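All remarks here apply to the structure that follows.
Each chain carries a letter (A, B, C, D and E) given by its place in the written order, and its residues are counted from 1.
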Amino acid sequence: MSSEKKQAELIKEISGVNPLKCMKCGKCSASCPSYNEMDIKPHQFVSYVINEDIESLVNSKSLWKCLSCFACVERCPRDVKPGKLIDAARQIVVRQKGQNYLLADEIPELLDPELPQQLLVSAFRRYRR
Amino acid sequence: MSLEKKEFKPKIVAFCCNWCSYAGADLAGSSRLTYPADVKIIRVPCSCRVNPMFILRAFEKGADGVIMCGCHPGDCHYSTGNFYARRRMTLLFSMLDYIGVENGRTRVEWVSAAEGVKFSETMNSFVEKIYSLGENVRLGDLRCKS
Amino acid sequence: MKYSYYPGCTLRTKAIDLDVYARASAAALGIELEEISDWQCCGGVYPLGTDEIATKLSCVRALNEAKEKEQTLVTMCSACHHVMKRVNDDMRNVEDIRTRANNYMELKEPYAGETEVLHFLEVLRDKVGFDELKKKVVKPLTGKKIGAYYGCLLLRPSKLLAFDNPENPRIIEDFIRAIGAEPVVYPYRNECCGGYISLKEKELSKNMCEKIMESARGFGAETLTTACPLCLYNLNKSAKASLPVVYFTELLAEALGVLEGCRNENAGVSGAEEIKEEVQKS
Amino acid sequence: MQRIGVFVCHCGSNIAATVDVSKVAEMALMEPGVVHAEDYQYMCSEAGQAKIAAAIQEKNLTGMVVCSCSPRMHEATFRKAAERAGLNPYMVEIANIREHCSWIHKDVEEATKKAVILMRAAIAKVNLNAPLQPGESRVTKRALVIGGGIAGIQTAIDIADAGYEVDIVEKTPSIGGRMSQLDKTFPTLDCSACILTPKMVEASAHEKINIYTYSEVEKVSGFVGDFTVDIRKKARSVDMDKCTGCGVCQEKCPSKKAPSEFNRGLNTRSAIYTPFAQAIPNVPVIDREACIKFKTGKCGLCAKVCQAGAVDYEQKDEIVTEKYGAIVVATGFDTIKLDQYDEYAYSQSKDVITSLELERVMNAAGPTHGHLERLSDGKAPKEIVFIQCVGSRCSDDRGKPYCSKICCMYTAKHAMLIRDKYPDVNVTVFYIDVRTPGKNFDEFYRRAVEQYGVNYIKGQVGKVIPQPNGKLLVQGSDLLDNKQILKEADMVVLATAIEPNPDVRKIATMLTASIDTNNFLTEAHAKLRPVESPTAGIFLSGVCQGPKDIPETVAQAGAAAVKAIGLLAKDKLLTNPCTAQSDILLCNGCSTCENVCPYGAITYEDKEVNDHGIRETRRIAVVNSALCQGCGACTVACPSGAMDLQGFSNRQIIAEVDAICR
Amino acid sequence: MQELINRAKELLADGTVARVLGWKGGDLPYNPEPAYFETAEELADFVYNSFCGANLSKYMIEASKLEGKTMVCLKPCDTYSFNQLIKEHRVDREKAYIVGVGCKGKLDIEKIKKKGVKGIESIEGAEITDEADTLKIQTIYGEKSCAYADAMLERCHVCKGKEHMVYDELIGDSKETKDADRFDEVARIEAMSPEEKFAFFQKELSKCIRCNACRNACPACSCRKCVFDSTKFDSSQKANVDSFEEKMFHIIRAFHVAGRCTDCGECSRVCPQGIPLHLFNRKFIKDIDGLYGEYQAGADTTSKAPLTNYTFEDAEPSIVGKRG
């Protein structure tokens, strides 16, 4: 198995999503609050996994713009759950050593006095191993 | 009896009602959804045609598992057949469990004519269960085993 | 009524208000909240990967303690509610996760999702009942126009959380009505505030919150209320944030007449320093 | 001892590729009773059947086994072939080595072994088969049509034109159905009422057609050719014979707050009402839940103003029992409830409506008298957004997994009509796919785009956001331009999925007709018998079988009528001989079997028996083979084994079990 | 007993009945057997004592075919069986004059013998009129004693009650004897591991000699011809080759009477090998009560039997595995 194919399989496995169920209706992209920030749009994630173009996917800035707000998951008429695919791709990145999107060093300057604990732990979990 | 350990190939009898489950099995076939060849289907008009005698007879003759499939409750072609079958099988299975027969050797599953996938999945999981239980020693008639 | 209570990390620090008001209100309502011993942070977000186990164990621990006490587990924070319910669902319905998590945990008896998890709002709705609550209100918030802000974590995915209609929820509106105020329904109340993205993408989150604020104001809200410390933070950061944002427990405490009693000494805890310390440690 | 022939079919390579067919035939010869075995490419072909006939005659066969595809496919074929060659058709058994073997197994050795076992089971069974003769039953030359929409009306007219009596049972106060609610019809844009009303009149005036409106089927018993049906005629509270249809009662009725079903609840009607002006019969009914007289005992105004004295508050439901030879189901559809789709703000805004509601809004007899206006404030919209596939093609549990089929076309129709009548209104359609397979359908859709400038955007809508200013912000995808679109609209129209009428499940149960997971009635064969139910004597007309538009519905209605006529034209029917029979020497007369028979086919008679020299009178179960459908429930209920099922006898099934476990 | 005999004489004399169905003394003091009496003289042999355990209702199947009425003595528990037979059209109510006889619990001679009591000559305290709590047993080895309750049949310890479900008149007093729950034994077996269950029934059923005593005594097992004797299932008349066939026989027998068995306990009482056959029937009764609602066969003649009835919400057969 090529490494791309392996990675595509890995994404399907981690996410538990069958991208072939997608009918390309675009409801996910229509629901996404981060749509404009994304280079690869939510509905396109499915195609990247099907086409096994994982390289582009893991390099996409979309991974870090997804809010895990589950609007796409809630509304998807085909039970595809693009949000889960995105998170799986994110996991592939952060599970590789040193690929953390959030570095400990950069945290202090991101802080402000009102910032809740929750924000930090959430960001940590999504962005880091 | 030879001393070398023979590979366990279970004998599994599936009673399927003509209208739903047998058609579901046909659909599994035409959709090429595989399940192990250990399963052999007997066509009956309705699940309510399945006499506990048939099930015990199968075990007596060396079956390792018996499964009965019918239309979903409420969808019986004869409107009420599977309701009676459901009570009969519940009591029979409970009795078999009571005398110490492993519960996994008997099963009832409702499979509609449209559920080829469910038919195949059911058979796969049932066969898997029978493999895990191994040969039916408790109910087998030793005469029938070579 | 006695419940296991899982406050969660933020309710110990920045969101201590959410906690204090909740406890005071619960007491006034005759609800006993028994805090889970040595609880650990839920992680703030639910780990979506089907192969994630270790990240779910802190929840399993809390859930199991509630099970052993035969109590329902109550959360106050939206995020804890979300994570706790989903982990519980995994333990109940996903055999692989259940087996592996139990292997790690070495519990007296395996945990299989037996505990009922409720958000405090659900306790108010389903256990206390809004009609009952209404009877206990001593200082109705008459005339106040309050917009409920749900965000994501209370509602979605609705099948698992079974909290309310995800697209047109009403539990907080009913709550607002019960405490004598007037709920303002506006369509953005279930849109995301940006969540954790606000750590690195402050602008993005700000835009989202502005949309929410504008919508709420447009429909006549004068105050927003939420159950989530992160939502509260993000909404407050919104540049055009003209509406005050308060925890629903504060409204509750006020209506029940216990607010003054807990205008507390904890006010003004500066979290930033502690957080920095923690980060250094990690 | 039987003389059995075994015929193994290759089914081209369908079987032969996985099963060693010649080995199977070879093994057959080792089984008891088998005197002939052969394999052939296509047993069902004419040449294959000729081989069977030749073997039957040459080898004097008394029974045969065909190892082939499913008996559900070709059992009838082979039985007929056997019969033509002089063998009783019930001496034929099928071993299903295609669907249950070659198609699901890959290993040739394994599949061959299994095929042999399946064949042995069939041989063991045939060894115990006995020739059976079908019985005869009579045909009542009258048809029942359930549902008085366009499907039911058309079916009834076609059957009646062939000279048979037809009754239509319609639940609502008037025939006409969904079509009567439509404004215009695609792809010709003619007015729905203009083409439907003459059909309604034709049906009501037809001397062979009898219409029961405001009535429901209550109970069905019997079987093909001889159904007995109880019809509940709900109390109309108005005497059908006396009423002149003058309408004064409706005018004077002081209770005018009941939501109008006909106008989809968009406006109200009086408590005594006819649903619409062209209603047939033109006789009102009193909605007793809304009527002041029935609620409080006071009022009675309608009776006072009725010059014909037709109003009758004392009227009661009446049960009519009729016999029918054939029943046609034409129960139609409704749109799904939208409470699972609150992202489209249907429950939050009056200006979000379904397409069927739009039909009423556009119709001159509708709540806005045909003026296109917002239902919230009555203002004329400038910007209308249509959203397609609302609840259709959803594999989650909120909606329906199927395509509702009619929405693409009616949306194009709506868009076109609006653009035609109100050229300053912009129309945008969010679609996933535009599906226009039908004569002149795609041309119609293209006209909407090219001639009328309707803006089609490929992409679904995520959320409809009501704005403080009363407008609706539609947030959708434009997948072709890869944009997220925010569009401010004055009205949003949802192409809501259609589903079978919720009553159909109840009716199907009464008819013992099967129904699929989406509540559509199942056809006997998806391709070859699309208008018949698997239950003999039950036929399907219109959307109750699957989504379809008006031309298709009318075509199917005619097809169902032809099938029903084909049945009614017969004087007698041959009945399935695979029925239960009780052994008079074993029967205890205990009544256990009677209690489980769903057809009331078992009765008891005192019979003189000679039990090994002992002559006595015993209470014995007797099966009416015309009523018995052969389910076998009684055979298991019977403790003594007296009750047995022909064709599926205890010994036959046990022989199969033994053969499989051998 | 004398009251019974007197009444029987009257009924015979005035022609109400053509015969009396009761018990007559056997060759031993503890084995009275069912018998017909057609004249006052014959009634000299009539007995009714604590050893009259036999359920006479089944004899009424044949008696219903005879000319004239039969006076039949039925104990409270026997009347359930009689009702059930009415329901199944096996007996003719019009052909029976039912005298409901009192019952103070019937005795099991095997229980007395198990206590080491041998060479029994007579037993005192077993007459129906006796009130004694202790039986005095004269043996060739001298007098022994035994508590009445200790010698009672298992079924009397779990008695359904001393009320007659159907009768024309009542003669004699009864005494409550119930002091145990009838499902306790079943529950104890249910709690065993599969291995233990299997071993338990294997041991019990291996004693079966297929003498058919259970079948002959059982009032529900009243088929004209048993399936195990007919050719309908290819299961007839062969020697048991293996333990499975006993199991099959007893399971099917229990299944055929499920929902019809009144739990009269005759099967266990008559088994010469002492197999607790009632454990099969009670298992079905317990399941039926638990799954489909409490049901007592023979309590009436009209209710729908559990196996010819259903509800849409009935438990699925998979419940068997889930109950653990």
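Worth a mention:
Criterion: a residue touches a chain if its C-beta (ideal position, glycine included) is under 8 Å from a C-beta of that chain, and two chains touch if they have at least 3 such contacts.
As the structure is a prediction and not an experimental result, all values here were calculated from the model.
Path length between subunit C and subunit E in the chain contact graph, taken as the least number of steps between touching chains: 2. Contact with subunit D and subunit E alike is made by B. Annotation for subunit C: without this chain, the others remain one piece by the touch definition. Should one ask which of B-D and C-D has more C-beta pairs in contact, the pair is B-D. Rounded to whole angstrom, the centroid-to-centroid distance between subunit C and subunit D, based on C-alpha atoms, equals 49 Å. The distance from the centre of subunit A to the centre of subunit D, with each centre set as the mean of the Cα atoms, comes to 45 Å. Our note on geometry: subunit B versus subunit E, Cα centroid distance of 36 Å, whole angstroms.
Rounded to whole angstrom units, the spacing between the C-alpha centres of subunit A and subunit C is 24.
Residue positions of subunit A touching 2 or more other chains, listed in rising order: 71. Shown for subunit D are the residues that touch two or more other chains, namely 343, 463, 596, 637, 650, 654. Within subunit C, the positions touching two or more other chains are listed as 166-167. Chain pairs that touch one another: A-C, A-D, B-D, B-E, C-D, D-E. Residues 186, 189-190, 192, 194-202, 227, 233, 235, 241-242, 244-245, 247-248, 251-252, 254-255, 258, 280, 283-284, 287-288, 291-292, 306-312, 314-321 of subunit E are the ones touching subunit B in the complex. Subunit D contributes residues 70-73, 96, 98-101, 103-107, 110-111, 113-114, 117-118, 121, 509, 512, 514-517, 522, 534-535, 578, 596, 598, 629-633, 635-637, 645, 648, 650, 653-654, 656-658, 660-662 to its touches with subunit B in the complex. Those residues of subunit B that touch subunit E in the shared complex are 51-53, 56-57, 59-60, 73-74, 80, 83-84, 86-104, 106-108, 138-143.
If you check the complex, the residues on subunit C that touch subunit D are 159, 165-168, 185-188, 215, 218-220. Within the complex, the subunit A residues that touch subunit D are 21, 23-32, 35-36, 41, 43, 71, 75-79.
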